[in-house]
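Here come two complexes built around subunit A, the first alongside subunit B, the second alongside subunit C.
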Partner chain A sequence: MANKPRVGIFDFTGCEGCELNQLNFEDQLLDILEHVEIVEWREAMDGRAESLDIAFVEGALSTPDCIKRIHEIRRKSKVLVALGACAVQGGINALKNIRPIEQVREEVYGQDKYLFPTLPALPLSAVVKVDVNIRGCPMTQLEFLKVFTALVMGKAPVEPGNAVCTECKLKDNECVYEKGMICLGPVTRAGCDAQCPTFGQYCTGCRGLVPEPNVEAMEEILVAHGLSMDDARKKLQMFNANQLEGVS
Partner chain B sequence: MGTNLDIKVHHLTRVEGHGDIVVNMRDGVLEKARLEIVEAPRYFEAMLKGRNFHEAAIITSRICGICSLGHQMTSFKATEQALGLEVSEQTVLLRKLLVHGATIQSNVLHALFLAAPDFLKVGSVFPLVGTHPEVVKAALRMKRLANDIGEVISGRAVHPISCVPGGFTQLPSAKSLAVLRERLEQQMLPDLVFAADVVATLAGEIPDFTRETEFISLRSDDDYALYDGDICSTDTGRVPDREYRRMSNEFIVPHSTSKHCKVNRSSYMVGALARWNNNHDRLCPEALGVAAKLGLKPGCHNPFMNTVAQVVESVHCCLDAMAVLDRLLAAGIRDEVPNQDPTRHGTGIGATEVPRGILYHEYTYDRQGRITAANCIIPTGQNLANIDDDMVKLVPEVVDRGEAAIAHLLEMLVRAYDPCISCSVHMLDVKFTR
Partner chain C sequence: MARFYLENGKVAAFIGHLQQQKTVYAPHRKGRNAFAFAPVDRPQDVVLDYPRTVSSIKRYFLPPREELLSFNLVENTCEQPVVAPLDAVFLGVHSYDVHAVLKLDHNFVSGNPERNYLTRRQGALIVGVGFTPDRFHFSGSVGVPAGDTTGCDLFLHPCEGGYALEALTPDGEGLVAGFPLPAHTAGLPAAAPFHQHIYVPQAKLKDVLAHGYDSEVWEEEAEKCTSCGTCNLVCPTCYCFDVEDAVDITVTRGSRERRWDGCLLRSFTEVAGGEVFREEPAARQRHRVFRKFKYISDETGEPWCVGCGRCTASCTAGISIVSIVNRLVNDHDAVKA
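Now for the complex of A and B:
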């Protein structure tokens, strides 16, 4: 390829687990580097870049400085990809949004709370235009490779809109509810190959809610399986506090 | 007239998370030399308040992707102690295997991908793909296998799935464990020996710097303490884990969104070098042989040697993982479900060695099994005061080298600690009032 796409990888508020998963492409990393030029990636290399073909951005926006930096990244990038639950939905960080922010700051820093500015944790799409979402906490390598391949080939990646339940059915998994547990599979976007139910866990909803989710019905199911309404809400909020409030 | 220095490294590269190095010297007088932590505060307490014990580890593992397994293990130990949940020997052995895998993956990532480029005079691991392909390939193989340990036993290396309080939701097959055992012996061990040889060729490049400090890590009578043990200081010896607050003493400083720590001196160090100084007598002969080859001696006070200590203990982790697998395979994998029936509701503490040092979680649960109070003390937070003290001693020693060289040396110093800044800025140290 004459001109390899110039790629940058950036991080905001989050655990950097999605980025780590990129360094965990042990079998494919050398092939990936054949097809793109990585020109900026603070976690792995020195240096900054002026312009980019593709920016992969991890993490939620939660300080004034984050807002400034995401605008700079958007300005210099042709395609902006939100990487993982924090970037796509605000992720687990958004749990702080459901309590009064002053109370949260005071509990942690006491009288020193004004030393460290903070905002509600927002998805990238609340501030800039996002071209592609790669979901999950953490993102799966399989999905990243699909999106990456599409972008390098100049094609539009397809985002799944079906529920995790459909993937469980395709894998012939025993339904998590049959085991006496609860599960958010019915309202959670597929694309993870139902990884958690396959390993004996329930779906925590990390990939975000399906388009037009029936949240009320989901809450009724959770309550019918022994949760209080308050606990049902808490389960749904774990990775989707923003979406339930209409953000993202 | 004395030297003037004005160094600011904004968003230090090749570390996990966001930190700036700031040095000011006026007329030969050092006014400031420190690591400023500018990572966005996370406010994990808002996430944990009122959550039930099934969810604590799912949430705290998201403090950090690199240390997610370590946070889970520590979280389980705290929850199990608080709720009186006994776990089986099989569960402990599988957890020890997971810890070995996570330690090797993190140590290899740091030594060969993040730190090695400094010694080979390049800006990242990527140029090494062309110049040192065999080193990069060996590092990738080791990382792959270390991550496979996590995938086989817990479903996923980053934010593991099947480990839960009280045990595992799903158990690995004896066959898959036997394959891991085989690969550790056939691939990992030779690759680690090769990596040690590569590090040996670079050992002359390791800066010669010494500052006496206190080292704190776990210590156990039975093994090289990673999963469990007492808290041990090179200054004052062993104390039980319930004294962890006295052995960390968090305090707020304005230049860091992460809290700092000190015990018997103005600072102390945790991590592989602390483990080496406290527990070198618990390492297997093969690891001690690698230490001798790399010039790592007991009582080492050179923080740049932390990377060397990581390579040494990785050899031990590999061999001990093989021994643990032998025990599991000899006994056979018993089909058991997690023990999740609380026998009490109170406060529990977990203390575990994660790659970057000693990690503490403490939770208090109410009678419904919901969290009412939580506290996590993170290795990188414990190291920050020690890093600042190192800088204050190091800068005057190298002041005649010029700003660029000093800045580079300070970056190498910070990287030697393998800091995990997202972790350190988890912000979880509160008592909830209802």
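Now for the complex of A and C:
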């Protein structure tokens, strides 16, 4: 390929697990590098790039500096991809948003809190236009490769909109509720191949809510299966605090 | 045809006898409280007394995910995978799931015959088994008693100490041949009663559903529903699917995959340009029920629901298709009486 797309990888507030997952593509890393030129990636190399074809951005926006940087990245990138739950929904960082921000600052930084300006943890889409979402905590390699391939081909990637339940049913899994556990599969976006329910866990909702979620119905289901309404709300808030408040 | 007595102590040996002839699929325990069809490895792991499996044997003829073709973008070529008849025995199938396969046969023979399904279906022999209705089964209301042998080659009627093994076709007799069994001379035990009922025949449901098109029940049920699509995906007579092309990381090769889809899912009704043609969850709920008791039924005269109870038993929100239909019957009768 004569002109390989120029790719940058960036991080904001998060654990950098999604980025690290990209370095774990041991079988595909050489194929990936066949198609693109990585020109900026703090976690793996030095240097800054002036312009990019594709920016993969991990992490939530949680400081005034984050806002400044995401605008810079957006300005120099043709396609911006939100990578992982923190970038797509704000992730578990957004749990701080449900409490007064002054209280949160004080708990973390104590008397030095004035040295560390902070904002509610926001998804990238709350500040700049996001072209593609790769969901999950962490993002799955399977979905990354699908999106990556589509972008290299110049096609719009397909974003899954069904609930995780659909993937359990295709795999003939025993329903998590049938085991006497609770699960957020009914309102959580598929695309993970129902990995957690398949391996004995329940869905914690890391991939975000489905489009037009019936949150009230989900809460009723959780309550009917033994949770208090307060606990039901907390389960849903873990990865979706922003979406439940209408921030997206 | 002949009826034999298969005592409980000989069931495993009989399954072994079937295994010598063909691949055998049968219900096994899956997870903590569920059952699922799987290829038999050890006959003693087969469970013949079970309430229902997560999904029906449909998945062997219409796989949940299936490659329809593979292609090469550089050479501009494509290939269809070879699909072969299953040539297998399905053991321990409940009568409603056999009826469901017969309904799918009808759907897939009509119009453009569905080559992959019909090819796999060839050579599949079915050994039915009776069941004790639980609080979700209602197949008796849609013309499928628990001991119904329609579509089976052999049928295991549960009786004292074992089963009355009824041979129904020459293929079924062939499966038993070489496994000595005494004749079953006693009568068959009376069928166990159902605990769920739709009280009116399909001929009347046609009018009931037409009358209930604008019923409030759709909105009421939709309020409880998360549109997760489980009811569609566990249904043995649902056959809708989605098709997606995917290219692998070489950006030269790819494949076209077909996978199960369902009308309750919002994305199912989303078409090119982002238009969603059945936007309201209530409209999708109605469509699902009408697909089981109205649209195909008006053409065939039969309910397209087999009363397995899976949609209701699997619904975490507790939405019951029997309750919906009976509510519509009551509303209809209250007005028309």
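Keep in mind that, in the parts below, the second predicted complex is superposed on the first by the 248 of 248 C-alpha atoms of A that agree within 3 Å, B and C clash if a C-alpha of one lies under 4 Å from a C-alpha of the other, contacts with A are read in each partner's own complex, and residues count from 1 in each chain.
Following the convention adopted for this analysis, a residue touches a chain if its C-beta (ideal position, glycine included) is under 8 Å from a C-beta of that chain, and two chains touch if they have at least 3 such contacts.
What you are looking at is a predicted structure, and each value in this text was computed from that prediction instead of being measured.
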- Once subunit A from each complex is brought into register, does subunit C clash with subunit B or fit beside it? fit
- Task: Examine A:134 and indicate which partner it touches, taking first as subunit B and second as subunit C; both and neither are also allowed.
- Result: neither
- Given the touch rule stated above, what does A:213 touch, subunit B (first), subunit C (second), both, or neither? second
- Task: Mind working out whether A:73 is in touch with subunit B, subunit C, both or neither, as first, second, both or neither?
- Result: neither
- Task: State whether A:169 touches subunit B only (first), subunit C only (second), both chains, or neither.
- Result: second
- Partner contacting more residues of subunit A (subunit B vs subunit C): B
- Query: Between subunit B (first) and subunit C (second), which, if any, makes contact with A:57: first, second, both or neither?
  - Reply: neither
- Query: With the two complexes overlaid on chain A, what is the closest approach of subunit B to subunit C, counting only CA atoms, in Å?
  - Reply: 10
- Message: Taking the stated contact definition, name every residue in subunit A that is touched by subunit B in one complex and by subunit C in the other, in rising order.
- Response: none
- Query: Given the complex with subunit A, which residues does subunit B contribute to the contact?
  - Reply: 11, 13-17, 38, 40-43, 45-47, 49-52, 55, 58-59, 62-66, 68, 109, 113-114, 123-126, 129, 136-137, 140-141, 143-144, 147, 154-159, 161-162, 164, 168-170, 252, 254, 257, 422, 427-430, 432
- Item | Residue numbers on subunit A that touch subunit C, as the complex places them | 28, 31-32, 35, 145-146, 148-150, 152-153, 158, 161-163, 165-166, 169-175, 177-180, 185-187, 210-214, 216-218, 220-221, 224-225
- Task: In the complex, go through subunit C and note every residue touching subunit A.
- Result: 30-34, 36, 54-55, 59, 64-65, 223-230, 233-234, 244, 246-251, 259-260, 262, 265-267, 270, 281, 314, 316-318
- Query: subunit B touches which residues of subunit A in the complex?
  - Reply: 12-21, 23-24, 26-27, 29-30, 33, 38, 41-47, 62-63, 65-66, 91-93, 95-96, 98-99, 104-105, 107-110, 112, 115-116, 118, 137-138, 195-196, 198-201, 204, 231, 234, 238
